[in-house]
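Next up, some structures in structure tokens.
The following pair of complexes shares a single chain, chain A, combined with chain B in the former and chain C in the latter.
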Partner chain A sequence: MSAFAAGTGRTSLSVLKATTAAVLLLAAAAPALAADGADATIAIGSLYEPQNLDNTAGAGQGINEAFNGNVYEALFRLNDDGTVSPSLVKDYKVSDDGLTYTFTLQPGVTFHSGDPLTSADVKWSIERVTSADSKSSRKNSLKPIASIETPDDATVVVKLSSRSISLPYNLSYVWVINDAAKDLQTAEDGTGPYALDGWQRGSQLAVKRFDKYWGPKPENGEVVFKYFTEATALNNALLTGAVDVITSVQSPDSLAQFKDNPDFTVAEGKSTTKLILAYNDRVAPFDNVKVRKALARAVDKKKLLEAVWGDYGTLIGSFVPPTDPWYVDLTKVDAYDPESAKELLKEAGYPDGFTFTIDTPNYDPHPLAAQFLQGELAKVGVKVNINVITPNEWYTKIYKAHDFQATLQEHVNHRDIVFYGNPDFYWGYDNPKVAELIKASEEAATVDEQTEKLKEANVQIAEDAASNWLYLYPQIVVSKTSVSGYPVNGLNSQFFAYGIKKAD
Partner chain B sequence: MLIAAAVLFLLLRLLPGDPANALVSVGADPEQIEAARRQVGSDLPIAAQFVRYLGQLGRFDLGASFISGVPVLDEIGRRLTLTLPLTALAFVAAILIALPLGILAAVKRDRWYGGLISIVSQFGIAVPVFWIGILLVTAFAVKLRLFPSSGFPPSGWRDPIAALHQLTLPILTIALVMSASLIRYVRSATLDVIGSDYLRTARALGAGYGEALIRHGIRNGAVPVISILGIELASTLLGAVVVERVFSLPGLGSMLLSGIEQRDYPSVQGVLFVSTLLVLLVGFAADLTQRLVDPRLRGSSGGRS
Partner chain C sequence: MTDDAPALAQPSSLRLTPAFLIGAALVGLHVVVGLMTLVWTPYDPTAMTGGRLAPPSLLHWAGTDRLGRDLFTEIMIGARIALAVGSGAVTIAAAIGVTVGLLAAFASRAVDDVLAATLDILIAFPTLLLAMLIVAASDGASLGTAILAIGVAASAIVARLTRILARRVLAMDYVTAARVSGTSWLGIVRIHVLPNIWPTLVVNFALQFGLAVIAEASLSYLGLGAPPPNASWGRLLQEAQATVYTAPFGAVAPGLALVSLVIGLNLFADGLRDVADPTRRRRG
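The block that comes next holds the complex of A and B.
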């Protein structure tokens, strides 16, 4: 008996030894060397992998992160501080009636394929977004465009049917693409400082410095966006040096490990992402402004923000974040006050409260927020049922069919107060005064006039408690200490990579 | 196979939601949503969608992803280059761990380490895969820095050392979980053999214990273990979903998950179709191996001895 058993023992031991040796050998095989300085490769870790490479075809926010300003440029650029400045436009003139914009293009601009940039490319690119079968969410904002003319290769004339003060801003989303480009879902042909160098779906997307770029040379040679499905895996990648920077940290718990570590920098910028409890303002009891105000006062938003984000994040009293020019501090309008909430409910005819359902997207922080609201509203006698749905279902049930009482949702875009001017939008807020103000703001002659009108609209939606604005997310970028020069505000999910430097 | 395809097709359509939703974003107007539905064909009645799907399947065309526009078959092929080696290597590693330990646990069942192996393997069955993955990452990637915490090199298998280096922790994770249950099967199969009449007869005819076990035991004990191996291999293939997520690997499992989240029916159907095919193949291979090992099975038509 012992002969066999001992033999087995030896075999398994030597197998173990061999395995250990092999494992150690593998462990020693370190990954490839990385260049430093001007030719450095910057690895950017993100949770938002684009689904395709076309920002008008459901690619998701990840494509803006990877491509805006890096691979594609537009006529104008939305800077990290929220200002808009000319990009592919060298110069432009606006007629006195505000209906004709004449753009002169930058000279010497080349697409990655080698073709020169001409006005025909610009016309084609804008019409791609405004065309009948475009799925771009920006299509509506470009509606005032009546025609585009190209008198010569360097000039584009855009004629409007009504004034559009935000035209330069809106054009900052319209990628200028070579009109000869065939496949935009898996390839690109832009004018940006980087050209696509390879995309492994489910894994990473690499862009390489484009040597014939017309503008200043990027501070690095190559940028690799590495995609993760799990925040923990992403954090581990930064901890182990597999990525240099994380574009947006989504869980505050993980910050502790970077905050007290000299190897990492934690930068807090300003986001435009708002968490809101949107009511269906068309249906009772939410068609009653007193009920909406009562619910706004019944929720201790400070406590919610602390529960989700600790010391980060900002409280907002309306849909407008502090980075928008028409921001007004409205947190006092319906400040936390459960007693007056009960009073308002009584006045509205609900002395014993009521019951309603919150359709809650199934990912963080929505379920947590829903439970918090359930607890807070119970204190004023309002009973909340939580119905968990997937984001996909959300579009069908809420966005399209308006079949809901209330829903939690995060709204990521910059300057999106305009949604309150559209009574057909999913939340069904219908105040003709606000709709008129928003329309008039777009047709304003000056930016000051636009800002004035939108401020007024902003105050009005707060007075109407159109939705329950819970808080503004923080925007937190974490990087290795040796890496600098990245944008921190991440407006509209952009992440300009050309300024990123690696010191090691 | 046809029935499986039909059931899959219907179950997917029963999920609330619409693949067109993945193509639009907040701000889109109703006409744009309708245009997206026309593009993916979700505006057609389900019967018409099914006929269209069957027609494609007949040509072995799995269609193109609604979201990325890439042919599903190409994408699956690319992802299999990760999932298949991952599964196969984990499988081999599991056998290397489980066979010696399982036999040892049976032969030395009255020693302390025999019992210990059984207890530890019992624990291993109870522990979820992702938890083992997270533990391994914390220990070997974050603390010891021996292996990367996640991902797969873009060069793929052209640089086999780098690829293996990246895949070591995922392989180990699957192998540990798989070997936990395998050890128990190997142990009980070995116990059966040890207690069998033929082994006693062989010993009575003068063979040593080890010799008898090797000559007569392994073949007999292998038959039930092989069928379990087949089942384990098939479930590992599907269980790769979890491991691929923990380690952010671009394999078949992550394709399935994102497909389901976005209601990208062609991708989901494609992945499930191909994995059903693979599971059938594995089952067939296990059957075949059993017959090779045990001549008694060759005469019968699939019955188990």
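The block that comes next holds the complex of A and C.
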């Protein structure tokens, strides 16, 4: 299984020793600073407070940020560099037909409640995500699982109905929870390096180091996620020292106050968040490939990216970001060319253009992007109406009811090209060839074969201009200079806290 | 009969206090600028004519926004939107509020109690929340829903004021005399009630106008007002929020426009009150 990097150790022993030594020195010199170093409290500022504490109950991306890898662990872990490595799995075997996975669990793992980890907990946890009433957005990807057996306490056997090359990846967001746990919406019982220490709704969520953790000891004693509803307030919190690190900065302009300041570190990572203009490919005129290609060529995306992000961010020619193994540079497929856009519209039977409405979420950068598109498309004779909606309306009107012509949306997930293989997805893109390629890629015997098939699908959706992919967000993390060791890529909104060090 | 009614403000008694003049000038400036945008603006409001977040300059008096659009043009158009929403909302509030208020004043005790309690509940309900409900219930936000929402929310206050003022007039002896002599209730409204209560109502309309302008900015700030690219001051403020450190003028300029109009309206209303309220005039 070459795709899975050997387990990336969280801390090397020497670093741990050095920190301990430093702490001892500090402690001797200034007892008041005893809370720093290995027992430090790290305050993390975020805009994404979870709705509840259960990732199968519509808790939002904030719960992944706070809990993935920190409070709950899975059989596998998605590392910050995009690789997948075993976590609660010590070892695993795949049968020759690829339909049976036998997992051996790590020994000596304890839940925060004190119960030991057994195979029954793993079975229960996986079935919780695949159950009928689970709201997990990832439910579909676990469909190939036919049965789960637990021959002994340390062994889990997963049988599949069809090959699923991404099974370890997909299992990386299935939290392993104690099957005796009762309340998962306001409490937890995971195996992670931190246990929940208190959640004040609307304000903060604290997790404390779990002393019986089976793995390496975290670099800090406690982590507090402080929640803000507004980016300027969040930035001010960092400026005034109320938080140590911001999980993601949402505007380039707020960076000016941190960039040339020696008290702060600005780290630019790779995001998987794409801003897209999604058409409803089921309805005219967007069922016409020529119309979609014309609109792709009519928009100067470079200018839009500069308007929203200044010098940051990346242009993409399809839905796949450069961090996915099946990335191909497709920015040339429908490059900016208003003249040929007009030609294509004429060929498609719209020589005088047409009018359509973009349902626009009411938060930055969507309204700005919508106005930009309005200006650009007017130049090729297409009139855009902007209808501003709330995130809730987006969910019911567009995601559920498919009642729209076009919409703007940011898609945050890693490896989410698979959405184009589902004709029932909100944007209704239906190309049997792509659906077949995506299905076949999942049933591939090797990672190379999977990559090959998804590359082909990627090129095809770009040729079909399935949606209008505007740009890829930058991922910017800002921290106090004294704080280090945080993840910078934020894949799937994760924010592993165990490596964060404070050196005051 | 009208001779018995308290003297009304006559144009000859208009005292032009400095506050009133400043208020009138500020409001007048906004009206002129707002009307001017119907025929001319410095730039096309949606044209990306400058660089990203250019500072104020001779070419762009208030700088540009993130898309390079001229902010001064957008603020000028914002004046038109603010005045349109203000006058529309006040008209609706006046139409509903005065009618309901008069009905309550004339109605039987039981009906009046119900109406008064309903108005109290409506007033206790935050204006902005009520407006948000109306926008949410209608088919998407537009300039029309914003006007309707703010107008309906404000009508409760106008209704209560009308009811109180009208009841005071109705308790007068000359009204009783008119009733006894067989004047219809519409006649009483026309001859006695309206002439006596309108000065106070007009002052209140001027204040409601200012509140409506703020409510519109708040709704647009929340994305519930006139949809883009309508250049509402609230939307300009919202867009400038992300860039307030690098381009503070983007927030300051629409903020100044909003404040100057609302202060103007309030000074104007104060001046009107001095004129309309006989007791104040005598004291003054």
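Just so it is clear, the second predicted complex is superposed on the first by the 470 of 504 C-alpha atoms of A that agree within 3 Å, B and C clash if a C-alpha of one lies under 4 Å from a C-alpha of the other, contacts with A are read in each partner's own complex, and residues count from 1 in each chain.
Quick note on the criterion: contacts are C-beta pairs under 8 Å (C-beta built on N, C-alpha and C of every residue); 3 or more make two chains touch, one makes a residue touch a chain.
Being a predicted model, the structure only gives us computed values, none of them experimental.
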Chain B versus chain C as contact partner of A:307, first or second or both or neither: second
Partner chain(s) touched by A:147 [first = chain B, second = chain C, both, neither]: neither
Partner chain in contact with A:389 - chain B first, chain C second, else both or neither: both
First, second, both or neither for A:131, with chain B first and chain C second: neither
Chain B versus chain C as contact partner of A:83, first or second or both or neither: neither
In the superposition, chain B vs chain C on chain A residues touched: B
Partner chain in contact with A:253 - chain B first, chain C second, else both or neither: second
Touched partner set for A:231, first chain B, second chain C, both or neither: second
Set intersection of chain A contacts, chain C complex versus chain B complex: 230, 232, 389-390
Residues of chain A touching chain B in the complex: 1, 3-5, 7-9, 11-12, 15, 19, 23, 26-27, 29, 31-32, 51-52, 57-58, 132-135, 137-140, 185-186, 198, 200-204, 206, 226-230, 232-234, 236-237, 239-240, 242, 389-393, 395-397, 399-400, 411, 413, 416, 419
Chain A residues touching chain C - in the complex, by the definition given at the top: 230-232, 250-251, 253-254, 256-257, 303, 306-308, 310, 360, 362-364, 367-368, 370-372, 374-375, 378, 385-390
Chain A-facing residues of chain B, complex: 16-18, 21-30, 32-33, 35-36, 39, 67-70, 75, 78-79, 96, 100-101, 103-104, 107-108, 134, 137, 141-142, 145-154, 161-162, 164-165, 168, 208-211, 213-214, 245-251, 254-255, 257-258, 261-263
Chain A-touching residues of chain C, taken from the complex the two chains share: 46-48, 52-53, 66-68, 140-141, 222-224, 227-229, 235, 239, 241-247
